[in-house]
């Protein structure tokens, strides 16, 4: 998500900012702008580069824009679910981008449909718009606040009208969201790396439960729901965010390196080289190598197949040895005792493949070190991590897991170690993470019947 | 370049192997196969993924294939110059891929045209085909050898007829070329990383002056020109090859790391963090950090804009701070003394931009360390490095350069240090590098008048 | 518009039927099908052939389908306005295609928005869906009938639920709509030429004010609004429908030929050849030639530039003589007295160009004969004929018009002549045409304030 | 084929002129221009509109251009065979477009290959270029004349160098080719309809055996081979050319109408209506109707599926009645005795389908009248008419044919009738047609062994 208010080149700036957020999704992209009583929208499925041509970008005139990179999880597949959503009416049109997961969406939608509302998509974003519209003819902060009172779950959204832009975050602050400045314009982004790319300056991070109004007369902040200690998604630190972003004012690469250092302290091993699984585990691997005084080497290399057009190798060719995403570097691992640092394990299948690959390339030993705790519980707030039945660590002991993936040893970072690595440099007690996927302590109630069923599996 | 002889899925294997070679060029791609008296060719400008669809790949049936990734240098722009070239005739058709640069191409082509030959392209590859054709109606090793006697320059090619595949390397071995095995098939590739990706086993590297014939009855090697000490292009080690490839049986990542270590020995500096310019300088930066006992950090991040469809920021936006390829990581460099390791400097403009970027992000000092010697001479063998006038180090002293790029200090690796880092692990006196761009000692005579002019500039 | 209920190849049949209707619009196309609780929709802007690929067509499985060719008039531009519209809900989803123009749309939409409805498009079709949805949770004939009571204007729609298909026509029967049979399936189409192309048999034409329900148990017809004498749009006969269609059981080509014959009776002239403006005036021109005993010749030829990709000649080239749509045939018209038969004149600019063209090609005289009466009033029921200010015949006398277009003489068919030519073969007093654009006698009240303003212009 | 010499907008004019020639082929299109020592070429498979975008057209700068519409016959499939061909060399580059068929191409190419020439395509056009190049270093009229002395067959070509344009026609004048004028520029086109569309004036038709040189100093005509009576391909009159073209100064529509009139005289029948098979038979049908005093009606209508993207109905759907190219008009033919006029019969399958279609639509009788003589011999000069075995009239008697296609009667125009209809208005004894496909009297010797084999089949 990215928004900008008050810049001559609003759409172009948004385009570049979304580039910095491309890692958050590869399923679609869109930008909406407003000028002279006219809304302009372009969006489509695919990578940002495939969605926009120069001509399309130039047609998006105006000084205000919001845009999003689309990440498919659950049912929100296809063009119609790509954001922004633009809802035009005879007066008071609105555009909206949203990321998160509303846990009582099914019930809310059912109620609205029974009284005559028509939905175009499966998205929670459209639901937000309907709830806001039902508050009365005019959209203002009061209407939005009333609408949000019905909602349970993780949400972060940018809503644009012809007069202003609203920025809102759920009471737990599960998703990251920051506000910045750029040559007199205000910008909002999911990750601060977007600010660096466009040359903007970060002002502050949106706090849990805040509703912010940005207009030509400046920024107005208001806390609309009781603020608790923030519970920012731990996976943002572990692998989802870019290493050059700051979360809760902590640099992600530095946090990951500390996770690697902490992991070396908790689970050292006698070995020759340390290698990381590219890209998101490199920082932790370097930290592990430094802390254990072992050389860090490129033992695995990523094959940067790009875009939707890549032709995947058939099962037959994969069995014959054609690699899909990673190749081992024989010259580095052959005959060596290798520490392979990865950021996390979800289903275990990837880890097994990598260990096998390294051994086939001649590694004498492979010690797997995971720079986060074992994932034993599904996520209901927007990270696609399947049901409990499919989670590797929820179904096997550490020993069994080590055996299954074929490693010589396996160790996870402890939950305490993770917390320590993240908050090591901050003394702010209002900061914290959601570690429900490791511990099962969900910050938000699981009201929805559908969700209860899913947890029980 | 990649070729395969004797595999059911020849075209598919070639497609995946070419993926591993994508870094060698982004300007075009093509594959040709042969089966049942029929040649099948598909090629186009663009990235491999954009050039091939599943349907097109499946149409390329047959057990033999050659393919190439196209890299534009000089005049070989456009569809017609994309390889492979297929030359069909009423009998004895041939397909060919070539990489390198024939220095007397202009003269040879002029002669052939005067006696009635028609050329379709600007490429040296077509010239090779004409020279071979003029040897007589039938193509065999003798005809190829005779044709090669006229040629001066760097060349490496794969030539396929309906009976066999020929592999040839110039007498100096300027470009890398290896032969491997895959389930009974023979494969040839510019870089050994292609073998790892498809699961092939490297057999040997093609030696300078060799002409190899691969057919159903096996491999026949012959040295057709007096072999001298190999002079493999130094830039292959410095930045062109992938870190997971081996050149002259030396792993590239390991060689680069040794360059970094050597550089730390030659030019240490008091600093807080070491960072590398992604991607090709990372190995050297890690080596530098290890040797100087400083932490390696991600201080610069690459914006992976992908493909030809990316819309470049206007000059105006770039001046306002929108970054094109690299962003600094504020959280890492702010307030720090930074060692910025890069692989090479050609024109100096990029180095200047990066130093400025780091300082704007708050770096207290920026010490630039280049993991190769200063480039003072143009290349005539295929690396696009402009004329002498444009080469930074050919026109300024070290002090002037440091000043121009705005660094606090600047140091290059010495030519001896480079040589040492590369051959550190090998005692084979037949191995060596072409370092003409650093020293001006060209291994191949500069016969062509055009080239003489260019050097004189 | 086309719909089919109960055929294995519903989507494919719809695709071919829509081909027969391509002349009704070139702005978009779409098909929706239903099978096993799943709705499948594909639509896009562009010609039918550009919108559908084989793969997309094959994904549209199911035994029921509706589709439409999109014709832009007014504000319904862009992807979102292309039909069918599919409105999915937790229960009782519906798909709909509509053609016509609801004259009180603006007021109805305003009311619905004020009570919380969100519209996605500008289309009357979506308005229909909202009105029906607001009748209660379940969609049935009663809900549709109640919704239609609010609507004023011309409409013809196909509405599909998972159980059945509804077909409705406004009380005046302004648009044509027919029901047919195809191997046990029922089909509905705007024009009967679609039936001929797919090999279906026409059963009957939908009568004004009818609501028809088609389901697996057959067809149920009901007249829901007081039926008056039908007032089918005269322009359907004059140029909009295909010559091979029947309207009110009258063949269109035959009707047009009779218009030409009648025109020859009303406005004969001494000449050498008769020619028609392709394509829609050819039938009338042949009729005129037969009745006046003059040879019919191809004096004008259509340049069949196809699709959206055609590059239009610049103003400069057009002034230099490059023709856009029509070329004169010098060999035919040079030195001749030419009768040029056209179907209608709206703004007069085209007529002027053609007369000029014929004279430049050497025609001695050009006598313009229009096979319909003068258009003096705008249309509010879906034909795009601009405002009164722009209508040629509303602003000039016959003499002035003849002068402006540069013809040697000009004559229109009389309104009585038109009526006679159309109903010549029928004695059915329930049949009739809407000739409001010739006479100003609008069948449907002009309730809307917007429309009153437009008429007043 | 189209060429222009000396116009500011050479490429654009060529684009529009090629539109007028689109009916001559749908397989590819291309334009080449020259300016300031640079040649610019764009070509591709597909319809003209699909091949060119505005940007591509604008890049083709320069005052001289040649272009062609590609028609696949024999082996000249695919991108490489699309014309123009551009052959660049260090000096004296040339571009060429050609239409026709060189009957001794195989032998000539074999000879050239044996002495070292490399061919890129299967096309006769490339052969022409090689023959000309082999005459010496410089291209001039003498070199072209010498090259043409080796060639046997039908040819018409435009050859452009940086100084001038050459236009050549074979000694029999089998293909049409005209020269015109446009605002000081010279233009050349296969058909004169291209002149009308761009507003050019026809100067003269190229005579058999002429070699014309067009340069900035004007036009120079030379007859290089003994001129015989022209033998222009009869099929150009019968169906290939556009009705608005003139051939041998005779308007094609008028000639076709006379064929219809003549056919009515030779083979009248008692009937109710006359109808033509669109598009090329309409003129003849109108002539037939006029001469026999029967009404001409639209009894068959063409479904204008456009471009390569059309999805063809499956065999199953076609059997169920889905029509591909033509639909019958029930309202016209039901209960009537129909005369169906077609331009020619090649294999008989289409005729059979149309007769069946008309009968299924209710026609009481169907009398087939063919406005050209029976085709009993294959063509060697560029019209794709298969081998003798496949020609309907070469294998059956008139009675058998009538029976097979299911008609109530069948008649062809006599060869004498055809000749008479074409030359009716001309007294020029140098004009004449090649009627080899009707009579077997081939104007050009059938030297090639391949051709002898084909004729013998």
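Every chain is named by a letter (A, B, C and D) in the order it is written, and numbering of its residues begins at 1.
To be clear about the criterion, a contact is a pair of C-beta atoms (placed from the backbone, for glycine too) under 8 Å apart; a residue touches a chain by one contact, two chains touch by 3 or more.
Molecules present, by chain and UniProt name: A, B, C, D = Amidophosphoribosyltransferase.
Predicted model, so just to flag it, every value in this text is computed and none were measured.
Fewest steps needed to get from chain A to chain D, stepping only to touching chains, is 2. The rotation relating chain B to chain D, fitted on Cα atoms, comes to 180°, given as a multiple of 5.
Ranked by distance of CA centroids from chain A, the top chain is D. Chain A and chain C have Cα centroids separated by 50 Å. We define each chain's centre as the mean of its Cα atoms; on that basis chain A and chain B are separated by 36 Å. Chain C has its Cα centroid 62 Å from the Cα centroid of chain B. For chain D, no residue reaches two or more other chains under the stated contact definition. Chain pairs recorded as touching, per the definition above, are A-B, A-C, B-D, C-D. Within the complex formed with chain B, the chain A residues making contact are 9, 12-13, 15-16, 19-20, 22, 47, 49-50, 52-54, 57, 182-183, 193, 196-200, 242-244, 246, 250-251, 253-254, 257, 282-283, 286, 290, 295-298, 301, 303-307, 309-311, 313-314, 316-317, 320-323, 327-332, 361.
Contact residues on chain B toward chain D in their complex (touch as defined above): 87-90, 106, 109-110, 113-114, 116-120, 126, 129-130, 133-134, 137.
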